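Heads up, the next two complexes both have chain A, just with different partners, chain B and then chain C.
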Partner chain A sequence: MSSKAQRQPAAITLLVVAVLATWMALAAFPFLWTLWGSFKVEGDFFSKADWFNALTGTLTVAETGGRFTGNGYYGAWVQEEFWRAALNSLIVCFFVVTISLTLGTLGGYALARSTYRYAFWFLLAALIFRAMPPITLVSGYLPVFFQWNLWGHTATTIIVLVAINQPFTLWMLHSFFKNIPAELDESAMVDGCTRFQAFRNVIIPVMWPGVITTGLFSFLLAYNDFAVTAMLLSKENQTMIPKVASFLGTTQTKGNVMFAVASVVSVTAPLFLMIMFFQRQIVGGLTAGAVKG
Partner chain B sequence: MTLCITCQRLGDREVKHKSFFWFVLPSALAMMLFIFFPIISVIVQSLHVEHEQVIRKVESCDLFGCKESTTIDQEATAALRAAEPLGQFAGFKTYLDRNHLATKEVGTTWKNTSSWRDFGAQMLNLPFYKAIGFTLTFTFVVTPLVIIVGFVIAVAVNSAVRQLRGPLIFFSLLPMMITPLVGALILFWMVDARGIIGATLQHLAGDPELSVKASTPLMWIMLMVYGVWHAAPFAFIVYYAGLQTVNKETLEAARVDGANRWLQIRHVVIPHLLPLTTFIALMQLMDNFRVFEPIVSFAANAHATSLSWAIYNDLGGETRQLSSAAATSVLTIIGVAILLSPVLVRTWRDFDRK
Partner chain C sequence: MAEIQLKNVSKRWGSFVGVDNFDLTIADREFLVLLGPSGCGKTTTMRMIAGLEDATGGDILIDGSRVNDLEPKDRDVAMVFQSYALYPNMNVYENIRFPLKVRRVDPGTHDEKVRRASAMVELDDFLHRKPAELSGGQRQRVALARAIVREPNVFLMDEPLSNLDAKLRVSTRAQIKNLSHELAVTTIYVTHDQIEAMTLADRVVVMKNGVVQQIGSPTEIYDRPANAFVASFIGNPAMNLVEGEVADGTFHAPNVSIPGLSAADGKVVLGFRAEDANVVQNGGQINAPIYTMELLGDATMVSVRIGGALVSVKADKTFRAEIDDPVSIEVHQGHCHLFDAETGARIGG
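Let's look at the complex of A and B:
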């Protein structure tokens, strides 16, 4: 590769460097900027005088004595009880991921091994369902959920998110199972296993890479969701994203927008770690559907 | 013995109907209950409106004679609403009212305006047309831009030194993996008149009053910039993976034939990546059509709304306007169906040929 790079004319190398530098600035800078700013006071992060104050922290020094302050984090996590929302998010994400994967592996496996026409129709229906904006479905849930007193509970939201997740999970696991040779489970069945036993004893041990990747995306969907969680959860069961949105309504007037900034950084941190540890799986997952489809 | 095993093998190549059914049942049930039925529920709800309040006539007599007055019978209203929670059947009334298709208003506007431009401007004052106008513009501007930007980044990363690629991909993934609401907030705060980008823009334009929040065109541009920023990494990753599988020999042959770098990209790389482009375009059309969170984050609803936002707005707030939200939802679903139809027809034909 380095030999190829040396053969490149200088102008092209320069262009490549320029494109990459610009893109890196666009992709990474907003996050670094917000992380840095979350340790300042509002007067610095949103500086009327000069945005340069956000770097030097003039007002932060004047108001708190130090160059950095944890006031935003204290306000969000302790005063406004963001920890409760974090806990709720953890519960919702855990159950959505486990249930999605359980249902998805069963369905995905059967779809991958069947060539009947109805399997195709099933996948096509899933694709159509994948295209439905979640908020349109929410307006279908609300009248029924109010009627039957299902509204506001964490369990309801978990099941709804699992269902909204299913089309994607099925497609992804279906394409992963297609890559596991069918001879494997067939030979198990020749040895007298039933279809389910073959699945349990032969397929489950080798399916983990695909399941982990799909699990990451299920997690992201549950974690990032705003439309469903904002509309279906009562205040005490709220997850992090609707909580961040509620900070905008209540605290911007009080001048405590820094609570929102601190909570935004808190929401980003786990995603950052996730990309760091699972970069290869995420890239693999994004391309799995495309390269084969 | 051997024969028997062969028979069994042949029989087992397919998942039997019965086991297929049991394997698929849980996810089919989940999708049936929480995706298919809600769609039906939305359609039914959109054809009904809430019961009007029950009015009771009360006759009160005094020295000067009897008077008839009307009061709202709260109890009877509540009872009626509890007995028939759907409300009363209204047909397509909700669809045609001012907040949706607004047939009457469109008719008058059509008669009273002389030019197309004027007509368009008037239409954008109607909530539904304002929402669909922005949604469609967003979808059809952001989707091609995402494809182009993603491709450029993929080509650039692909010609970077191998050691750099890991970190490059890591940082590229950030804008895509970030929660849309949160990502949009991060940009919004920077664009704020008191934020770093907003202040720089004011400085560049030489206008200290310049504010993205106050200007409709700037707000539209900002939302679309966010859309591209958020989705370009997806196109990049898919293209980057595609570039790894470009046939080296074909490239070499093109080089030997004297094709320069651009011609190689034009005639070898782009055709190779074409199927991926269809995939990205399909995913992006679906995702961009539901644009929603950035409008909440940017508090942009004075300048730009989307179909999803309109539904959210009806559902939230003090009075939940379920019927209005349902009608917008049905119209949105029709929009999604139109958007998807070419893909579905093609997939179906491909399968039929097999």
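Let's look at the complex of A and C:
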């Protein structure tokens, strides 16, 4: 009976499939189009004569002899030293995630277990800071950084990104910790742990999905940031996103658009891999309330 | 070996009094039950002994030394939590072993100790399961095993049976009683269930609104409740309490007249237990229409209304009558308890 009731008319099934397929195509198209185009020459991918050239690659064949070319990648990674930007991104992301998570887990745990009222106001203030666009802070710190000779350094950017990111990590981890019953820490403390040992040996293992999820979001913030990194980093310390932007050129200088296209693909690919790799933890993190023993 | 002394222990949150001037000595190997309705301060008292809550006044002594300022881990107590608080990422074996590990007990002895503790609570077959894969009763036993594995000075149990279904509760209660006899360790047990208190305790502390109402053996508390609250809290059904007046040694209330009481004239509350009264043909001290009748199997519970109160009497299991039939109830004055109408305190012997 129930299976019959659950069975949908063929028309509905068809409609659902059609909507999903359309959505998938719309969502994936920009990525696939960029990936495809990154192996063409500029004359094809940005053809003024016929957009169809982007598919057939007429000029690509004429210029390089093959239907696909790695010139964009070669130009970006080797000529323009995009690898340096990738390395900078890696350094910035690593430290932003590490520092954010360290402060966030300790602070989030403390706030989650605090019985004082100020914990609430503290979190509310954090939310307000999180709501501000990062660019609004620039006028506050940029002159100071110039004055103190701190501008351009990777470390400065890391500190600013951590500061922007911290309210969010605190909030997120705080709510994850809230989901873990306080009796678990208390039990560990009666069993012989100090408060910190209870935190490290009992709470963090339970919290792991939450930590991974929060860490991933911190990573994405640092990885994708443009406002702060573009403002604060000197040319040799640039991370990938401002570097991509610089390939596009300015009103004064002519950029190489194909370098930008190739590096956009280079920036996006690791994200795909990472999300795939951590998807199990992310899903686990989003249902972390289920840990109640 | 541990004797626990509580000297005027208090807990306040601002102006709210959680526990007020708790004064008690718990003898070594005693099984003490803290009993009371929710919010009466029984769990707070236990948490102060465990060190999970700071006392705002008074001293807590374990074996003569003051422990107020010690961390929970330094008090050598073991606790079973209401929610069991098992470590969800560890299997049963690791859960039980955890206290040994963090206390740096010689690793060579771990296996033997864990296996002995798990055998005591019959968990041998489940050692490799995660808590999520266990039933409520099994989780409860893991919590017990984790508490007994390192042979602590004091056991603290916070409503350990309240999350179990009725049938399991009875068998686990028996298991806890047997276990405590075998281990002979000072135990403090918190519950709101008076049957658990009666069956398990050497001594019961009845609490209400943070104040101790009575301390005594289960028999004392049952037979000589110190006030009307204790009388109404202990026993199943609770003691019948009737408001009325004593004049010339006779208690009067609507439809009630019980002579032969030795109390001064004035307003009182009279109490007696359902099993201390009988239903008789006629000539009883209470004569009223039946309000309701309940068949319990081993007895028939007959209730009448006296003023605002419901008075229940255990009649023979063959007794049958209709609602609103007149009934006569015999209560001997020797089974009556008198309480002050104002304070609720017990009057006389």
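The criterion applied here is as follows: the second predicted complex is superposed on the first by the 260 of 293 C-alpha atoms of A that agree within 3 Å, B and C clash if a C-alpha of one lies under 4 Å from a C-alpha of the other, contacts with A are read in each partner's own complex, and residues count from 1 in each chain.
Just so it is clear, contacts are C-beta pairs under 8 Å (C-beta built on N, C-alpha and C of every residue); 3 or more make two chains touch, one makes a residue touch a chain.
Here the structure is a predicted model, which means the values were calculated and not measured.
**Student:** In the superposed arrangement, does A:Met172 touch chain B (first), chain C (second), both or neither?
**Tutor:** Neither chain B nor chain C is touched by A:Met172.
**Student:** So in the superposed three-chain picture, is A:Met258 touching just chain B, just chain C, both, or none of them (first/second/both/neither)?
**Tutor:** neither
**Student:** Tell me the contact category for A:Ala86 with respect to chain B and chain C: first, second, both or neither.
**Tutor:** Neither partner.
**Student:** Scan A:Glu186 for contacts with chain B and chain C and give back first, second, both or neither.
**Tutor:** both
**Student:** In the overlay, answer first, second, both or neither for which of chain B and chain C A:Asn201 touches.
**Tutor:** It touches chain C, and chain B stays clear.
**Student:** Looking at chain A, does chain B or chain C touch a larger number of its residues?
**Tutor:** When the residues of chain A touched by each partner are counted, B comes out ahead.
**Student:** Mind sorting out which residues of chain A both chain B and chain C touch, each in its own complex?
**Tutor:** Looking at chain A, the two contact sets intersect at 186, 189-190, 194, 291, 293.
**Student:** Taking the complex as given, what residues does chain A use to touch chain B?
**Tutor:** Chain A residues touching chain B: 1-2, 4-5, 8, 12, 15-16, 19-20, 23-24, 26-28, 30-31, 33-34, 37, 45-48, 50-51, 54, 102-104, 106-107, 109-111, 113-116, 119-120, 122, 124-144, 147, 159-160, 162-164, 166-167, 169-170, 182, 186, 189-190, 194-196, 199, 220, 223-224, 226-227, 230-231, 241, 244-245, 248, 260-261, 264, 267-268, 271-272, 274-276, 279, 282-283, 286-287, 289-291, 293.
**Student:** Using the touch definition from the top, list the residues of chain A that touch chain C in their complex.
**Tutor:** Per the stated touch rule, the residues are 181, 183-184, 186-194, 197, 201-202, 205-206, 291-293.
**Student:** What does chain B use to touch chain A in their complex?
**Tutor:** Per the touch definition, chain B meets chain A at residues 5, 8-9, 12-17, 19-20, 22-24, 26-28, 30-31, 33-42, 45, 85-86, 152-153, 156-157, 159-162, 166, 168-175, 177-182, 185-187, 189-190, 192, 194-196, 199-200, 229, 233-234, 237-238, 241-242, 245, 261, 275-276, 279-280, 286, 289-290, 292-293, 296-297, 299, 307-308, 311-312, 314-316, 320, 322, 325-326, 328-329, 332-333, 336, 339-340, 344, 347-348, 351.
**Student:** Inside the complex, what are the residues of chain C that reach chain A?
**Tutor:** Residues 50-52, 71-73, 77-79, 81-89, 98-99, 102-103, 131-132, 139, 146, 156.
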